[in-house]
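Labels A, B, C and D are assigned to the chains in the order they are written; within every chain, residues are numbered from 1.
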Amino acid sequence: MKRMLLAAVAAIALSGTAGAETIKVGVVGPFSGPFAIQGKNFKAGIDAWMALNGAKVGDDDVEIVYRDLPAANPAQAKALAQDLVVKESVQYLAGFYFTPDAMAVTPLLEQANVPMVIMNAATSAIVTKSPLVVRTSFTLWQTSVPMAKVATARGIKKVITVVSDYGPGVDAETAFSTTFKADGGEIVESVRMPLSTTDFSPIMQRVKDSGAEAVFAFLPSGPTTLGFLKSYNENGLKGAGIQFLAPGDLTQESDLPALGDTALGVTTTFHYSVAHDSPENKKFVEAARAAIGNPAELSFPSVGAYDGMRVIYKMIEATGGRQDAAKAVDAVKGMAWESPRGPVSIDPESRHLTQNIYLREVAKAADGTYYNKEIQTFANMADPGLAAAK
Amino acid sequence: MSAVFEVERLSKAFGGLAVTQAVSLAMAPGDRVALIGPNGAGKTTFVNLVTGHLKPDSGVVRIAGEPLNGMNPMQRVQRGLVRSFQVTRLFPEMTPREHLALAVLQRQGRTGRLYGTLWSMPEVLDESEALLRTLGLEAAADRKVAEIAYGQQRLLEIAFALALRPKVLLLDEPAAGVPQSETPRIEAALAGLPADLAVLMIEHDMDLVFRFAKRVIVLAAGTIIFDGAPGDVTKDARVREAYLGSYADDRSVA
Amino acid sequence: MDADHPASLAGQVARPRFSASADWIGLAAILAAAIIFYLLFPNNLALLTRVIGIVMLVLSVDLVTGFCGVATLGHAALFGAGAYAAGIAAAHFGITDPIAMIAAGAAGGAVAGLISGLVVLRGHGLGQLVLSIAIVNLFHEAANKAASWTGGSDGLTDIAPSPLFGVFAFDLWGRTAYGLGIALLVIVFFLLQRLSRSPFGMLCRGIRQDPIRVAAMGASVRKTLLKMYIISGLVAGVGGGLNAISTQVVGLDSLSFTLSAQALVMLVIGGTGSLYGAIIGTVVFMLFEDFVSAANPFHWLTIMGALLVGVVLFAPRGIFGTAAHLFDQWRRR
Amino acid sequence: MQSVLSIAVDALAYGMVLFVISIGLSMTMGLMRVVNLAHGAFAMVGGYLASYAVRDLGLGYVAGVVLAVAGTVVIAAPIERLLYRRIYNKPELIQVLMTIGITFCVIGIANYLFGPTLKTIPLPAMLSGPVDLGFRSIAAHKLFAILCGLAVAAALWYLVERTPFGVKLRASVDNTPMAAALGVRTKYVYAASFAISVGLAAFGGIVGAELLPIEPYYALRYMVTFLVVVSVGGAGSIGGALLACLVLGAIDTTGRYLVPEYGEFFFYLAVIAIVCAFPRGLLGKA
């Protein structure tokens, strides 16, 4: 008790003399539970940024306050955000792995005078819910539309889509189908399967029976992707020459060791590969791997978090550490930089990231590990989802 | 006097085995009848057929002239056909007073009420108190049933049934499991049952049967083999055969 | 409340005066706790309001599990139905008055209670448990499918409750929501206390202790339980409605098996069969969870598990149940 | 026709995987009357140990499986001794609370030790390729799972119905004091059957790992499925569990083939129908 008191006095004394403030950033993400790996990646990205750029902006210290939200739970997301703002006095909200959680928090921002930097949640509409939202991740439209282009370019005419039956799955399906059909392709069937599906053999049978030349699939990253890809191989779809098309969630780097040879040769479109070849990425991967502990666990949410921190630092700089959400957001509109994933910029109108999307193929490196090898670039993609919604 | 309880040619077979065969009997208000029979005679099945827990293959049960066919056990209770259990079935965490109050409320159709406590229903408490006194349960009235003596639980079992004001009461071995020292209290309670109530007691203890019943019915292999005065029952050849001989062997023939 | 009839036998009966005054003490204790929490944690009102919503759910579980002995792992169906009913009323029908939204929530909960009851009460033991799981999963899938009404997995947003009584707005600091929650909790608690002492409450306790005996006295076990399920739905629905108002969003998690299981766990931690147990269990579980998950967002689940095991080992009747039991023994000496 | 056959094979494989994992739970719940929600946690422990042994230590598959099953039983033994023994014959809700607590702890510890990523158990060459059935190809490990399921069913039936241990077990279950009075050391019988059930869970976790991949949340993710299997089959009935797995596997697989978007509805409506029609499970004892 005495020590705590002393520390408090010291803190007050210090802040008095230095004139510096501690600026708190509240980060909400899945740090436990079934999606813990993604939360861990948030933290790795943030740690990497702070390791490379220091924990200070000007005179102000930056402190991260983590809150755990194991699964999509908008009510709790809102309660946590409220607590962060009211109790912890955070000046910035960040993180948010799931769309509903982010959606639930947007109504608070104006009143709280807090900008929100979304480091993952990937439904297009979130940025329209509040002018104080900035997103440094991606949208499913962004990652799915290029796949439709790839399919057309490969001369594929008939595709069956198979997605998990929830918001992002439906988004991916719509994005792919709309684009593919506009380019003259045919969607022979659209299958939506419950999230809880574990045995995909019957689905694969359906794919086989549909007569499609390729299957476009979306499932949330994690345990089910393994079963899905295995079923694809084992039910002879791969052998029958039915191509596998998917956004990069299915081959996220942290799943690759488990997927192993099963995933070899699978092509996906995504905004970030840990194997992206650039000095910026080397620096990032080194720092982030040190932060996460097990290098194999590093995957895409880390880069969203890393760039999110860059944006937040810029905001702090622009406002001089004072709480002014509108000014902070204005300061990053149009901001452009070289991200570990490639060149990116924040679209001033949508406040979403314009970035390159890459076509990648799972390959085996010399040391026996697997990685997403970039083979084609779709440069400077804005979010087609917002355009489509208009 | 007209019969309050009638059973007419009640029959039930499980597979090929006829467990109850054309059993008929009639009871008037105030009757004290004992139903006895060797093990496996079909007494339990008979009781279950009457209470509606089993569906008879044929035959009719009537209360005050009204046939009970097609009624479920609850509806039969509401018509005035109430039973007690051979092994006490009471609510271990409730007191005797609460038991009786609950039964009274049930009889009045008020157990669905969502408001009001017992203490706001003096007439219910009065009636419960009266029953507690009749059966000499005042001392145990406010203790949990799980904590009172077994003999008192047996008395409460009877009181509980009476609180429903039945027309016909089926008592299933009311003294079963009660220590010798406490049986007189049970017998006293039985002697004090309302005069207009028709009571059918299923019992093994012949002493109790002779003291209680004015009429004895003997069931063997699913049929009534004797129906008459207690004094005659031991003299009846068929009864002797049922208990002492090998009557059961013929059951499969029937 | 109670008529004093000196002439009647009831007047001579040793009336347990203790329990009636305990009711008022209990209500006062809730109010006092509400104020103390408000003063101690003025910045945690969002969490505290959420706790109140869940308290209603746990009370609702207590009604069927603690009072009637029906085990359920699907009670979130009732809570979620209430939340969605209130949310849909606001988002699709423009019914933004908070009181009306609570009413919609209660109605939605009651309907869900009726449906759940009709199915769940057909089973016994493990089968009953599985039926309740099936029900909550069906509700969950239905809400996921009806995305145009419920927002599907993105959650139902655009719920903007108008100020309470036209004066108190639901703002960031959550004072209005907290106040509304406490008021609702006190009302619900008062009514449930009355219910638990009513003839119906007695009958329900009878069913838990021996359903066959209840049937043998001519009461319908099924009808009684179904009625309790509907009442339970009302209570859970009020909690769901409160949550919809205070968080202004309804997600599929409110219809999840996970929430159902948590609610049952909270109840058992507090102590089944007692309204206080339900409240204490929820408050302890949720505040403990909030505390350990903030202290260690990465590995708090282990500590949570240890808490549950600890409760079984050292307070097998639940926190309130064990305390009451010890108090009882102490008084008898 | 080919599709129908194909679906049937998938259903059989899925059902048998469920069976191997769930039968242990059916035993604990039916014979020992413990609602053991931590059953999935033990299956997961088995999976982790096997993955560690085969992948990281480089042991052979068979050695790895044997070691993992034994290891899981060794881990479970002190838990049985210290925790489970206190909840035998306790109310169900207490059992639920205790076993959920244990599950949480196991998840937390697994997450801490092995990290949140998926773990696979490398299969030997014999089991990893596809096998041609004539009308379709099927993964060899699925055939292996089917065979394991049949073997487990037969072995358990023999153990319970035909051995002295089975007699003691059934006696202890029917009437513990009576069995104890007759000289059966019920404590040991319980411990032994608990060990068997845990060992089966671990074995199931390993054999089923291709379908239900091993990760920390495994313990909760599939809990409901296992409970459903046990209740539909009737707790404690080997034949019932087998039948339930085949029926549920068929319903689930067919549903997901015919109406994938309503697969969940299909499955749970079927569960409701079965439980209502057979309140004690398909082959449950009254």
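The rule is short, and it goes like this: a contact is a pair of C-beta atoms (placed from the backbone, for glycine too) under 8 Å apart; a residue touches a chain by one contact, two chains touch by 3 or more.
If you're wondering where the values come from, they're calculated on a predicted model, not measured in any experiment.
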{"item": "Minimal step count in the chain contact network, chain A to chain B", "value": "2"}
{"item": "Reference chain A; chain at largest CA-centroid distance", "value": "B"}
{"item": "Distance between the centres, which are taken as Cα means, of chain D and chain A, whole angstrom", "value": "36"}
{"item": "Between chain C and chain D, centroid-to-centroid distance (C-alpha), Å", "value": "33"}
{"item": "Rounded Å distance between chain B and chain C, as computed from the means of their C-alpha atoms", "value": "42"}
{"item": "Chain B: positions in contact with at least two other chains", "value": "none"}
{"item": "Touching two or more other chains - residues of chain A", "value": "32-33, 36, 40, 165, 194"}
{"item": "Shared-contact residues (touching 2 or more other chains) in chain C", "value": "141, 299-301"}
{"item": "Inter-chain touch pairs (all)", "value": "A-C, A-D, B-C, C-D"}
{"item": "Parts of chain C lying in touch with chain B, wherever the complex brings them together", "value": "1-3, 5, 8-11, 13-15, 20, 194-195, 197-203, 205-206, 209-210, 212-213, 215-220, 224, 227, 231"}
{"item": "Chain A partner contacts - residues on chain C that touch it in the complex", "value": "41, 43-47, 49-50, 141, 144, 147, 151-155, 157, 160, 171-174, 243, 247-254, 258, 293-294, 297-301"}
{"item": "Chain B to chain C touching residues, read off their complex", "value": "51, 73-75, 77-78, 82-83, 85, 89-94, 97-98, 101-103, 105-107, 110-120, 122-123, 125-126, 129-130, 142, 160, 164"}
{"item": "Residues of chain A touching chain C in the complex", "value": "31-33, 36, 39-40, 66-68, 71-76, 78-79, 82-83, 85-87, 99-100, 103-104, 107-108, 111-112, 123, 129, 165-168, 170, 194"}
{"item": "Contacting residues of chain D [partner chain A, same complex]", "value": "3, 6-7, 10, 13-14, 108, 111, 115-120, 130, 136-139, 142, 210-213, 215-218, 221-222, 252-254, 256-257, 260-261, 263-264"}
